[in-house]
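Two complexes come next, and they have one chain in common, chain A, joined by chain B in the first and chain C in the second.
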Partner chain A sequence: MEITNNDPPQPHPLPPPFTHTAPAPTLLTQGAEALLYRTHFLLPSHPCALKHRPSKPYRHPVLDKRLTKHRILSEARTLVKCRREGVSVPGVLALDAEGCGDAGSGGWMMMEWVEGRTVKEVVVEAGKRIKERGGGGVWEEGLRALMGKIGRALGRMHEVGVVHGDLTTSNMMLRPSPTSLQNGTTFTNGAEGDGDDAKSAGESLEGEIVLIDFGLAAQSLQDEDKAVDLYVLERAFGSTHPEAEEGFQEVLRVYGESYKGAKVVLKRLEDVRLRGRKRSMLG
Partner chain B sequence: MAFLQSLNLAHIPPDLAVHIALYADVQNAPFLRDQLLQGSPAFEYALIDATVILSTTHVLAAVFRAANDHLNGRLRSRNVHSEIVFSLGANNNIAQSLRTFGITATTTDLLAIKLSTNPSITASTVSEHLAASVNGTPVEFSDATLAKMADGGKIRKLYKLSGVGEADSKGKRRRKDGSEEGSGGVDGIKAGSTGYDAERERKELEVAILGLMALRGAV
Partner chain C sequence: MIALGLEGSANKLGVGLISHPAKGGAAHILSNIRHTFISPPGEGFLPKDTAKHHRSWIIRLVKQAMKEAGLRVEDIDCICYTKGPGMGAPLQSVAVAARMLGLLWAKKLVGVNHCVGHIEMGREITGAQNPVVLYVSGGNTQVIAYASQRYRIFGEALDIAVGNCLDRFARTLRISNDPAPGYNIEQMAKHGRHLVDLPYAVKGMDCSFSGILASIDILAEKLEAHRGQWKDELTNEVITREDLCFSLQETVYAMLVEITERAMAHVGSSQVLVVGGVGSNERLQEMMGMMARDRRGTVFATDERFCIDNGIMIAHAGLLAYEKGSITALEDSTCTQRFRTDEVFVKWRE
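Let's turn to the complex of A and B:
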């Protein structure tokens, strides 16, 4: 037997019933825990996202099944709750938390397809444009509005008693609203930008925030949990988007206005930051 | 007979075809229900009271789940057809889901579904058997027909979704005749909302229902 190190990583097989799917689902991302595919729901014309949590061969099969089932159901439960209570998240279409076969195929969840890009991509693009053109223009104005929308979306989520557990700009999407696509933009009257620039800023920054990836979410009404949620995003934002770091203040400002109790959470965030700083000084 | 629709669900092998017939003004529901209760093999169907079905997607999502569990050898109820009815429910209680969504003695709007679980079950055998057994008016299996039959208030109540997708919870009215054009036809959707709003409200209700069916009460 020959052993080589340069074999490509073994792709995970799709779980049943998607081995029959035509056209085959397209793999979008492969994280540590899950694979994300684009496919369709009951008809080829109805796009959806498929999240597959494959079984882990190094875990005991009984434990593995239990963990997979728990994570699938926990994410689905949170999405369903959010959607019912008006937090903008993809709806759950179907799931299989059990898998099948002795080896275990893991579990899967189908959810509504969200058009648009991740907030990460959008902010990176805006940051680049702002750098090229200098501050104070349509891109900066649009980015600020986007930050406000994030604050409002997070406020709404916390208000209904959900903490996300993994807030990053990759776990939020900006879905273009149908009207913004038709009517151009709200930034066209920005005096600084030329028309084309305003149009592309509008097209890329306009839309609705949709929160995704609730694999680590929990239900909680504790200020501490909510503050930690914001702290995680603040840190992630600082390292992913150092050029747009001040923009984060706008997330917090709008968050603070967004529901009763938000101000207390912001106060708590100061404690969490202090503890975080102490810990990093010790570490 | 002409109204039987045979279709393939995405992801499900095509030999497991789905045959669906929708009827209005059914006169012999007590007879059909007895055949089901007796477990007569010829009457192995999912017989569903169409007034608790919101849309084609709503019922097909239940068929999809039952077919997948059938293929994985994981049925919880007697057969894949009772499993379809069970899969419409938002909890783990088989008897309750069969009672809530299945045909009753007073059913007049009836959805009959049969899967080709073996090659002898074909569109023509199903079509013939239904024509000989169901005393009712065949109508098209479509969102438009289901929307007219659907009792939105009842559907919201049994999924505990009051308020979801409702622009105005006070505007609820029963509208069994489906006479308001462009209203989407689902009761309980705000009277006077435009076609676009009604459609959005219906979609919102639908996605909430699919989520609850998928969870099956998992806590």
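Let's turn to the complex of A and C:
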């Protein structure tokens, strides 16, 4: 039996007040939970990200409201906490957790716009370069330094008692330092310029790690939760960047030195690895 | 080729006969019969009694199925049985029956993974090509997608299965287990109107139901203690047993639809197939349909003949393996309570 849907699918309308924004927000991605737009905050020259959690028609309205509100507030609180403690995350600009503008529109949160590329894109590019040159050189060094930065950023986040819940290289941005932006060099141009390898590697791999998408984040001080966080990233790393797997050791090495409890978490990670996420169903 | 399938991993004993045309094409269902062990209200089915039920009914069912299909023993190519997962004692009694028939009729045996049986039968009946599968029953809750010869588990229940949660709540309310506790909860939920607050436990693509069961059990106690004095805060109307069934369904099914949607977004699939006993619930199917419409996708579901445990799915999945040369030697024809879906090497798919 096939449950047919003859009704046309409903595209998600923007929640108010963004229906009146000019120029209109542009949709970047649609996940299972939320739609991510690029728009601006107060002034057209001030770009920002808009995360809209539309209400789910299949859920009971009371339950839907409760979940949307809880998730938006918890994500915002986590971001604010990170920000206060000096972890690099996008700042929260505004939110509406209860769909005040319109009962059926769900909720939304506006965040600071993070310039740069995802770590995933950067690592893939670096991997390609290293392969072309047969290993060694500035790209490998730069990649190693990047891994160290990731380890330090994660250590910082765990130190303040936040676990991300969905660590992947797509959920980390590499934000170029303001100077390289001022010089007006774009990264793709720099990377294509074969003449100056060191310069392009520097431009591509330079910058600050900013962690994004805290939709599944939680506040926890337990070693187990932090170890699972790292394990999730390790698995994601293995499937997204199999060629750069040894790079992950550098993430862990720097992580281990980044804060006081980190060594204990790494020890716990060994247990988590043995256990895996799944219970074995043998015997 | 024709296969006999024997299923008895829980309280249903199923016998099925299926034929796969030599030239390919749709399978023919020659017979699909079932006998269910029903425990009294307030009680679950115990392994010992269930095994006894299976032992005393299996010969009768096999004879009836053969008669219904109009087959002789010579027509059968192999005998497929459920190797696991399931309850130990019931699995054993069916495995013994399969071995006995195999020796008596000189037929090859094929041990089948119960979950793979559900998935393959769902695909065969609905024609879904490469769906994300939500497998929900009294013993299993899994979100599955196929990739390179394995059915991979993307999300699952971390403690009890969703069906177990519903069955046990039916016991708390002492609702009849006939024809199934979940069916009776569904009928009561249709008259519920107020949503009471229950925990909502989704962790990524996994979920948990034991805390929800504990909470709703406490609420049922409260309802019993106050006898019509417990009122809804918004409407000031009395909370009823029907409201509890309604709230339980709304909460656990929302969780299932959410993890399914997340898996669909993750693997980039637009088809979803719901299998397993809980999959016959109309409210779950309806909610899944709304989610799929939002994603411009399609939901595939089967009715109770194929959703609820049956012999035909074991015959079908077993025959797929048998056609690719898989047989289970007599000395290996054991059964096991734990047998993960992703342990099976799926030879018969690209």
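Here, the second predicted complex is superposed on the first by the 246 of 283 C-alpha atoms of A that agree within 3 Å, B and C clash if a C-alpha of one lies under 4 Å from a C-alpha of the other, contacts with A are read in each partner's own complex, and residues count from 1 in each chain.
The working rule: a residue touches a chain if its C-beta (ideal position, glycine included) is under 8 Å from a C-beta of that chain, and two chains touch if they have at least 3 such contacts.
Predicted model, so just to flag it, every value in this text is computed and none were measured.
J.: For A:L95 in the superposed arrangement: first (chain B), second (chain C), both or neither?
T.: first
J.: Quick one: classify A:P57 as touching chain B (first), chain C (second), both or neither.
T.: Second partner only, chain C.
J.: If you stack the two complexes on chain A, which partner ends up touching A:L73: first (chain B), second (chain C), both, or neither?
T.: In the superposed model, A:L73 contacts chain B only, not chain C.
J.: For chain A, give the residues common to its interface with chain B and its interface with chain C.
T.: none
J.: Any idea which chain A residues touch chain B in the complex?
T.: Those in contact with chain B are residues 16-18, 20-21, 40-44, 46, 73, 76-77, 79-80, 83-84, 91-98, 100, 109, 112.
J.: Under the touch definition given earlier, write down the residues of chain B that touch chain A in their complex.
T.: Residues 9-13, 57, 60-61, 64-65, 67-68, 71-74, 161, 164, 207-208, 210-212, 214-215, 218-219 of chain B touch chain A in their complex.
J.: Chain A touches which residues of chain C in the complex?
T.: 85, 125-127, 153, 156, 195, 197, 200, 203-204, 250-251, 254, 257-258, 261-262, 264-266, 285-296, 298-303, 336, 338-340, 343
J.: Which residues of chain A touch chain C in their complex?
T.: 1-5, 7, 9-10, 31-33, 56-60, 62-63, 66-67, 165-166, 216, 278, 280-283
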